[in-house]
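Two complexes are shown next, each including chain A; its partner changes from chain B in the first to chain C in the second.
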Partner chain A sequence: MSTFATAAGLRSQTRMGHRIRVLAGVLITLIFLFPVFWMVLTSFKHQVDIFTTPPKFFFTPTFATYVEYFRRADIERRLINTVIVAAGSGLLSIVVGTMAGYALARIRLRGAATFGVLILLSRGVPPIALAVPMFLVARQLGLTDKHITLILAYSTFLIPYVMWLMRSFFISLPPELEESAMIDGCSRYGAFFKIILPISLPGLISTLIFSMILAWEELLFALVLTNRVASTIPVAIAGIAGDTINGANWGALTAVGTITVVPVVIFALLVQKWLIRGLADGATKG
Partner chain B sequence: MGTVDIRDVRKSYGSVEVLHGVSLHINEGEFVALVGPSGCGKSTLLRMIAGLEDVTDGEIAIGDRIVNHIAPKDRNIAMVFQNYALYPHMNVRDNMGFALRQRRSPKTEIESRVNNAARILGLENLLDRKPRALSGGQRQRVAMGRAIVREPNVFLFDEPLSNLDAKLRVQMRSEIKELHQRLKTTTVYVTHDQIEAMTLADRVVVMNGGVIEQEGPPLELYDNPASRFVAAFIGSPPMNFLEGNVGDASQLILEDGTRLQLPFTNRVAQTRVTIGVRPEHFELSSSGWPATVSVVEPTGSETQITARISGHVVRVIVRGRTSVQPGERIHLSVPGQLIHTFDGVAAPGDHTNIQRAKRYA
Partner chain C sequence: MMPSIVLLLITLAYPIFYTINISFTEFDLSTFGAGEWVGWSNYEEVLSDYRFWDALQVTLVYLVIALPLQIVLGFSIAFLINAEWSGRGAVRALFIIPMVVAPVVAGGIWRMILDPLWGLMNHALQTIGIGPLDWFGDPHLAMAAVIIIDTWRWTPFIVLIATAALLALPKDVFEAAKIDGAGWWATLWSVALPLLVPIIAATFVIRWLGAVKMFDIVLAATYGGPGKATNVINLFIYEEAFRSLRFAESSAMAVIVLVLTMILTGVFLYGSRKLEEQF
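And now, the complex of A and B:
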């Protein structure tokens, strides 16, 4: 009898624990999403509704800010630029970083570990310290305000990022996979492309997504290295927020902010299934 | 040609030498097991034959071709790994056909060879499964299938059964033996399990500390171990050892002064020696070495007795059943030709056990 009571007690206790965890999860998610929600909400408000006390949750929505700033902030071109730069630097970094990460994970080379750490350390340099030298180099090379300049600049921090993420991913794969492939007729490259890459695809794609998001929202280099032609969306936001003549236009700020976030969300939803890992199961004893 | 010739091969990692000059000739169609404790260099040697490790010094030839600088893919070998290393994104069919596709063999040939291997290993119904949907034993079979399909000159096995449970291990062991009898492909098989080595191989190579201790047919190693190490390694439960001095009166004098009569005469008086007796070679008799029984473990076909000869634990195996009880005083006798003698005694803390066998009788 007592065992029954204990078992039932235990069960209700675990159910209780489950509820608490769910509740905590929901709360944390709400806290994280609230600023985003507030941004989207504000972007649909008339100017007069933005700063009311208490804040308004119900109001007559308007697209006016969107329509106006889409033209004024040159959003269309900036969107295209941001896509080019994010995709370009993301892809370049994934190619270079993945191969570098593989080499660091697998190939026994003298000083490889030191080399890897040095590359990682380069991320410790504050970007602002690099921005001005980069600008001077770009100007000397006649590369200011060009897509390729931003792509290269972003790759300087994306490649180490990709390299270290992929390195740890590759280390988690059993080396016998490539050894087996090499005995089965592949070169080291063949083993990498035919066996390791297909297995790494989920990890590779999530890394690519994170890299692209980092490039998508980057402000500092974009601000310094571009002017009009290759300027990206975050620069527009900074321009609106830092408008010293009229003061920050919060309606415009939130509208452009929303425009910035929406493509990322759509993109993430599209590739969501790749974010779920698990393809590497069953390679070995498991 | 499926011969493998290993000539004075050495391997160093930096300044640490792990293989100290190993020579071994493996005949066409022979099944050779490399066996030894972990760290003895057996896996390293196998990986050098495969081309996965560089040869620091010496030569390895497969057939009449020296392969020191030939890539693994060009050695025409197949290897089965301990963790199977199946390609997780390919189904069983593609896993088995991968090597042939790399070689650009005709599609029909790939298919017939894969089907043939699948039939031999009973994998026909699993060809469309991914590795993650297979059990451990099935994965093991697919790994072997992948090797068979290649029709290589040499099969290399690197502890292929270590990840299976005991029952499956015994089953797969006989499958591997059957497969070898059928295909007659030269095989090098690495294991730390002496039973696996004994049961599978035509020739067992016992390695220890980067050198070959002894090589020969399984029963030869069992009957005539060249050193105390081999004697202890081959056979289960392991050989019993008693250390002491052999006096001129054909007696082994143990450390505590106990005198055990030996059934042969000593030629060199007052020598430090180690006497070795396999548990199954003891006989319970009315005369012989006196011992006290501490544990009796019947298994039906045989009975294992743990006894003490003045404090020294010995294991005894007798066929069938026995009425011996714990605490009982018994006498153990051994026919003279079944007593092994080894040079000197092991130094305290020295586990290399390289004491050479010695003939007194």
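And now, the complex of A and C:
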């Protein structure tokens, strides 16, 4: 066999391999997307089209579930609550966490390294170890079922998260940026607000959005710290899914599920480029 | 820096001390606060409670199967979907969708898909001659279901990290391997894998930190059932505290779990640092 023939054979073999790789990738993506597709599809079915053998892919779509269930289960108020809590805890954590992340990245402080390790460890604290005392203290102070309680509870995991991401982001910026500003007479705070913040804006916004998503989905604290007034959407979904008395209400489950997932998917797609970078930095650096 | 320390002290450190405090007392249900100091007796009670050990074992089984499965799947899929072609960007973007589906929603929709009677999964399996499988009635299948749901929800997260890692691999090393006549397998095994080991280790730590919090998916999909077959530790403690109102005992359990998690996290962090140095 000549050298030429071997090279050509190898090339066609790798091209074949490439095609298989692309095809397998697309197939797996479709499999992973299917449950979400099925949820959205089911939410537009009439009750009679949901429970069929075989399951139906084609049917006359309807908004009936949305209209009927939303009136009954107070979904509107829960939706507003979830938005308030997600936005509140996201904003609080981004303000506090960004400044702390900057301090960790730049200012030589005694104990900064220890504090950094503690922050990372704090991400391993099981929420249930916090939920019990939070419930008891909130009860004592008359703070159960209030938005502010949930916002503070969520900051326990959001602040460390923001700190960690923003710290690695600030480390990647050249220190000369602030140094030259400080030589020109800016204070450390001035340099931070005038120079660093504007550059970091895209990263900040993406971190903020991702923090809000985490708060938006949270279940345990919401379950424990709210009951009616400030209750959120995930609590409602847990209630529908776990309803063993009335049986599975798949229409309601998929309708509320769709409402919960669609806005988040849109946001996530908007920031996905940054997400890849941010996650990888958070995972590999430090 | 200061505001974050103060806030974290209030919302993180104070509750942990509160939990530790309660775990050493007899909880007073009339005042809803810590009662008389009883030393280690709550811990003795918890440690002799077989249900606590069962829940720990269930959690361990879940972790031991789900974590490696998700890491291997995540890195393999990342390799597949990063093949260069015109649709790569779109595929990569679409692949992050499951990871922003709220875990409780994931549990709910999979409960519907895996439903033994009307679910799509059993219908599909029957067309190829398997089943019907009683996903939520059989203890092993229920655990499998929980792991499937968790893997569906979390693998995209690992794919995302793996994608960034794969893109950051130095290209010239691979070209050199090709010129030296290394085959596909040899390239993967002795060139790519050693380069990826530190990132795989770091990914493992990150995923571990999430997986020990397993709660939402189980709550929505099986609620720990059938029997206690999927009753992970977080759900067990939750039930003990908020259904049985045994706050002192559940605090003791929470402290034990906290300590276990911290020790293991420390070990994993140390291990991943060591691996990073070696490669």
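Please note the rule applied: the second predicted complex is superposed on the first by the 234 of 286 C-alpha atoms of A that agree within 3 Å, B and C clash if a C-alpha of one lies under 4 Å from a C-alpha of the other, contacts with A are read in each partner's own complex, and residues count from 1 in each chain.
Quick note on the criterion: a contact is a pair of C-beta atoms (placed from the backbone, for glycine too) under 8 Å apart; a residue touches a chain by one contact, two chains touch by 3 or more.
Fair warning: this is a prediction, and the values are worked out from it, not measured in the lab.
Of the two partner chains, chain C is the only one that A:137 touches; chain B does not reach it.
Looking at the shared chain after the overlay, A:202 reaches neither chain B nor chain C. In the superposition on chain A, contact of A:174 is made with chain B only, not with chain C.
In the superposition on chain A, contact of A:220 is made with chain C only, not with chain B. Once chain A of one complex is fitted onto chain A of the other, the partner contacts of A:182 are limited to chain B, with no touch recorded for chain C.
The wider contact with chain A, measured as residues touched, comes from C rather than the other of chain B and chain C. On chain A, the patch touched by chain B and the patch touched by chain C overlap at residues 279-280, 282-284.
By the touch criterion stated above, chain A contacts chain B in their complex at residues 174, 176-177, 179-187, 190, 195, 198-199, 279-286.
By the touch criterion stated above, chain C contacts chain A in their complex at residues 1, 3-5, 7-8, 10-12, 14-16, 18-19, 22, 32-33, 77, 79-83, 85, 87, 91-98, 100-113, 115, 118-120, 123, 152, 155-157, 160-161, 163-165, 168, 184, 198-199, 202-203, 206, 209, 212-213, 215-216, 219-221, 223, 234, 237-238, 241-242, 247, 250-251, 254-255, 257-258, 261-262, 265-266, 269. Contacts from chain B toward chain A in the complex involve residues 50-52, 71-73, 75, 77-79, 81-89, 98-99, 102-103, 130-134, 136, 139, 146, 150, 163. Within the complex formed with chain C, the chain A residues making contact are 17-18, 21-22, 24-26, 28-29, 32-33, 35-36, 38-39, 42, 50-55, 96-97, 99-100, 103-104, 107, 109, 115, 120-137, 139-140, 152-153, 155-156, 159-160, 163, 213, 216-217, 219-220, 223-224, 234, 237-238, 240-242, 248, 250, 253-254, 257, 260-261, 264-265, 267-269, 272, 275-277, 279-280, 282-284.
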